[in-house]
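Paired with subunit B in one complex and with subunit C in the other, subunit A is shared by the two complexes that follow.
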Partner chain A sequence: MTTITTSQTTPSTLWSTIQKIRSSYLWRRLAKALFSIWLVATITFFVIRAMPGNAVDILIQELTAQGMSAEDAKNQAAALMNIDLDQPLAGQYLDYLGNTLRGDLGHSYKSAGLSVTDMIVQVLPWTLFSVGLALLITFVVGIALGTIMAYKRDTWIDHLLSNVAATLDAISPYLIGLLAILLLGLTWKLVPIMDMRGAMSPGIKPGFTLEFLTDVFRHVRVLLLVYVLSSIGSWMLQMKSNTVATLGEDYVTVARARGLTDGRILTAYVGRNATLPLFTRLAISVGFVVGGSVLLETLFTYRGIGFLLARSISERDYPVMQGVFLIITISVVFANLLADYVYGWLDPRVHIMGEEN
Partner chain B sequence: MAEPTLSVRDLSIVYQARRGQVQAVRNISFDVERGEAVALIGESGSGKTTVGLGLMRLLPATANIIGGSIVYRRYKNGSNSASRETEVLALKGDNLRQFRWRECAMVFQSALNALNPVLRISEHFADTAKAHGYLSGYRQGTALRERSWQLLSMVRLDPERVWRSFPHELSGGMRQRVLIALALLLEPQLLILDEPTTALDILTQRNIMDVLKELRDKLGFSMLFISHDLALAAELADRVATVYAGKIIEVGDVRTIFRRPYHPYTIGLIKAVPTLTSDKSSLVSVPGSPPDLIQLPTGCKFHPRCPLADERSQQEEPALIEVEPGHHVACWHWTHAREALKAYRAET
Partner chain C sequence: MHTFHDFITSFWRESLKTFKIMSRNKMGLFGFIMTLLIILISFIGPLLWPPETSANVAQINKGSSPEHWLGTDFQGQDNLRKIINGGRDIVTIALVTGVLSMLIAVVVGSFSAFIGGRVDSILMEFVNIWLTIPKFPLLAVLATVLALKDVVMLSVLMALLDWPALARQVRSQVLSLKSREYIEAATMLDLGTPRIVFRELLPNMMSFIAISTIFEMTHAIYQQTGLVFLGIVPYSSANWGVMISAAERRGVLFNPQAAWSILAPMAAIVLFQLALVSFARSLDEVFNPRLRTGV
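Entry: the complex of A and B
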């Protein structure tokens, strides 16, 4: 009896497993994410080759101009851009995909011999550190100030903060950066100008030493301030409007009627519901952390990924551009995925299909 | 006779609006005796909800209590004299917080949105207990659970199912019953019910009414029932007060009010309710709409809608006078209102 049942259920179990995978939300989302990444990689590949004065030809031209023979130039270009030029475009494309899958993003042809992967790995930590820390500070401070504005609605403190937030939100980050350098560095002389250049002082050995850590902090502080100032306005305003809306909810009135303490109402009833939508934004912002800020990193010569991207664009270092775009795409796509899951986890009303049972 | 659990005297509440002051509650006085159920009946905009919120001191910032007093008396079990008298309007800070829900709980109209969407039902009970100094150790946690489950069964819910649920997993009727159970957690002496069944369908409404009646029989709390629905009020209340333009215009025993209403507005309200036995032609609505509370009519506030209004009604506002024991009316024409209205309806 048992054996019969088993043999009968085996195929259906297998089938239902396949069905489960097919219908699973996670798998579908993951497939979509991979598709987006593939699409961006493909578009980048073809766009770079379809640009007027195609990148490979330009490189060959430049190399020949430096006195290299046509054959050598072609070979070197192929090696640098990690493509076989004798292959038809489709073959080159397949090679590129294969290499990318193995984590080989080709070689920079301006910083001769350096692999793009290595270059990115070198600058990525600085961006993750500076933009990530700034995002964290912005989130926490923005939420706190937004809540205060909502609780003190229509008092002078709300008017003051609202205006400051709206102004900060309207000014371009680049301008805030320039103003910071001008005011802090030159007019008020609060921060030594040298601290605003680069991520650390030359000659300092990286490591878990107090000297290194203080140096890193001294170099990042103004950039951090500019990041926070340029993005905190919209967080404050959004948190304020969320909190005002939540304060008007019936469950807040009922919580008051139930005699709950103000602290409990603030955190579990108002705060939690008002911050919910912001977590999605936070998770999506995490994706853009990797992109860093091209303008601000250039302004502060902060050698992060934005700086690298800006330099590769100005130098027409296509393999580097290609690699950086790919990394940014991957992180944004996965941050979106993360946002969905974080929300489903924080808000019990949102049930991600296929997650139950 | 013991003193009432709740005595409201000359309570006046205004809202500050751009156009001027909204006189939502004007000199209202009433008592709720121990174990008694009083119904406040009126159209929307009559100020009845403002009274309820005022009793809990939950009025929005734009509202102002400009006068009157609300005295609440706490009785110990079995004792016949009040052990403590509280002036609700003088309560501040923690005392006010402790007064809410422990002495006087409120069930709101908005059943669907009264519970925090991100907290489980169990957490709502725990929050309430904690806020009032219960539930600090594990043993009290078990006690809380036992007590809550008992209450949830009393409101005809399956505690096992409901306890770990989030609000959105329950229907509107279930949520309202959860709120009623939650209201009784701290054994308040007074329960304010503000349109507790309005947002619900008719069968759920029936169910909630039965639950409320049952609970009151079992637990013996006093009740202030705020509604626009006379039929529901009749079912639950011992005494009924009709509210019009922020004032009580008629109050009396529920039977008296239904059999011998004297105020034209109360008469109109009763006539506006269809019954199975009455034919359609006897159904009338009160013509016109509630008055503008910023610019109130002169004299009797009901006079623009009243077929019996005369010059006196337009100039002088009638006071609430006792026309028979326990039955008060504020109308110049109460002596002949019913006959006159009958004649008036026959004409038109």
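Entry: the complex of A and C
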């Protein structure tokens, strides 16, 4: 009742737009995603600019130590970070937000003159490709194995897979990566780790040629394997417990009683309902895998965005560090948003109830 | 004070009972004993076997031998002795991060659940937004800029970044417990909030709290080794993470002779994490009778 009276008493279009946004699941999720990006942008700005001993001060100190005058160093730092240091902090903050919105993330301090945006555009596709493919493989294989474990409960295959999954789940991705190099590259000599550095071999032209695609795959395969191994354990265990729970539901018993085939029960009744909750985990997994990419891309010298972040950290290249971190966050937030939309589309109850729970 | 004392005694009694149930699960018992052993060795071991101070050029990158069970590293120092001395940092980080983040989570989560209303929804909205931010890159950037020097400060930073996810779980636990009959009965009998919290609510959440703390501990270990690998945490003291990345930097990965130097600290970390996780999983079985097998 109240909503009706408000919309009648305030006929302004702006107000009704706001009401529409508030009531729409899709718009509310988008607003939240934008808010988290703003939050991260703000945190990075204040950490890099406003805290005592912050990055800009260190940058100026380093530049003066290299023999620049104090004034020149300040101008140089301001030019690199794309801010006007003579302005009050609030003004600098607004400038920074404006520049970021325009896609201008400043310039690298160590790789002279390169714009941070250009550096990111070069490496981002490789990370999106490898992480995306890894997530897809993990999701599909994890669900398949989890279902097998649930159907073969308390047999040797379940015990074996459960223990493997629990072990993989407990070991950090970085250690799995080291082990992969040690075993595959050194002990068993299955893959030439040294030749696999980079995202593709030098001299190969990108394009839809067989040569290019096989080369890309050759470079990414061990990284993919490590991504999959490091996150598949939790998917398997989760899927197993979901499937076991679903198998006990009344509607499955009824479906059996109706004489439906096992295949139909698996796909139409058990599989769908057991997989659904996993979509919410997909969002968490994106952040986890991307976080792991910082270590794994560095370990395998795979030139993606995680590699760039690690390098900018070790070189203390603050403009690059700030920009790359922001882009990583934006990618993860939007991946989350996408996962939420997919979930909302698969399970319409989410729309109707909104996010009250 | 009386209720607090009751809480401690009941906690002790529960712990004894827990140990009895746990000893039925072999993996869990292994995890529990292993965890205790690693903590003991890490803190007492360095007193008995202090770190070597000089390099031994004659013994560089050797494999296992009767004198050096786990081989020697690129400086010719004994790997086993380095591992005994390198556990303290890791255990400290795990314990401080795990306990501190859980403490914040319990306070904020139960506060949120008890207050309800607008405060609750704003807090949870914040937590949900926080969860979408990738934590490890954020931790790496913050640790770089803040240039933390000691292990405890690093743990505090990790705890500050990690508590929101735990707080959301605590909140939903408290909400579900709050509507249980025995808590409602206690509320109606007007037993007082401290008594309800310490006698009824917390003991029933102990399993959940213990398990989440342990998982947070393994997470902290993972993050710490990652930060060492990226060169953010300084090489001030020897620990397992430092041993791994020092060996990696020395090209040990391409020298089959030196594999012991990287495998030994990796094994130590994996063993500690596995011990913690199987301990946690058995706790789950202890507190959740429906999961018990072979009883």
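Keep this in mind: the second predicted complex is superposed on the first by the 312 of 357 C-alpha atoms of A that agree within 3 Å, B and C clash if a C-alpha of one lies under 4 Å from a C-alpha of the other, contacts with A are read in each partner's own complex, and residues count from 1 in each chain.
Simple rule for what comes next: contacts are C-beta pairs under 8 Å (C-beta built on N, C-alpha and C of every residue); 3 or more make two chains touch, one makes a residue touch a chain.
Since we're looking at a predicted model, the values are computed, not measured.
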- Message: What does the overlay on subunit A give for subunit B and subunit C, a clash or a fit?
- Response: fit
- Task: Once the structures are superposed on A, label A:R316 by its partner contacts, choosing first (subunit B), second (subunit C), both or neither.
- Result: second
- Per residue count on subunit A, the busier partner among subunit B and subunit C is C
- Query: In the superposed arrangement, which partner chain does A:T187 touch: subunit B (first), subunit C (second), both, or neither?
  - Reply: second
- Query: Given the touch rule stated above, what does A:D169 touch, subunit B (first), subunit C (second), both, or neither?
  - Reply: second
- Mind computing the angle subunit B to subunit A to subunit C from the CA centres, in steps of 10 degrees? 80
- Message: Applying the document's definition of touch, where does A:N273 land relative to subunit B and subunit C: first, second, both, or neither?
- Response: first
- Touching partner for A:F35 - first (subunit B), second (subunit C), both, neither: second
- Touching partner for A:T44 - first (subunit B), second (subunit C), both, neither: second
- Would you check which partner chain A:G259 touches, where first means subunit B only, second means subunit C only, and both and neither mean what they say? first
- Query: Can A:P348 be said to touch subunit B (first), subunit C (second), both, or neither?
  - Reply: first
- Message: How many Å separate the nearest C-alpha atoms of subunit B and subunit C in the overlaid structures?
- Response: 9
- Item | Complex contact set, residues of subunit A against subunit B | 249-251, 253-261, 264, 268-269, 272-273, 276, 346-349
- Touching residues (chain side subunit B, partner subunit A) in the complex: 56, 58, 97-102, 105-106, 108, 110, 113-119, 127-128, 130-132, 166, 168, 179, 182
- Task: Spell out the part of subunit C that touches subunit A in their complex, as residue ranges.
- Result: 125, 128-138, 140-142, 144-147, 218, 221-222, 225-226, 229-232, 244, 248, 253-254, 256, 259, 262-263, 266, 269-270, 273-274, 276-278, 281
- Message: So in the complex, the part of subunit A that touches subunit C is made up of which residues?
- Response: 32-33, 35-36, 39-40, 43-44, 47-48, 51, 53-55, 166-167, 169-175, 178-179, 181-182, 185-187, 193-194, 283-284, 287, 290-292, 294-295, 298-299, 306, 309-310, 313-314, 316, 318, 321-322, 325, 328-329, 332-333, 336
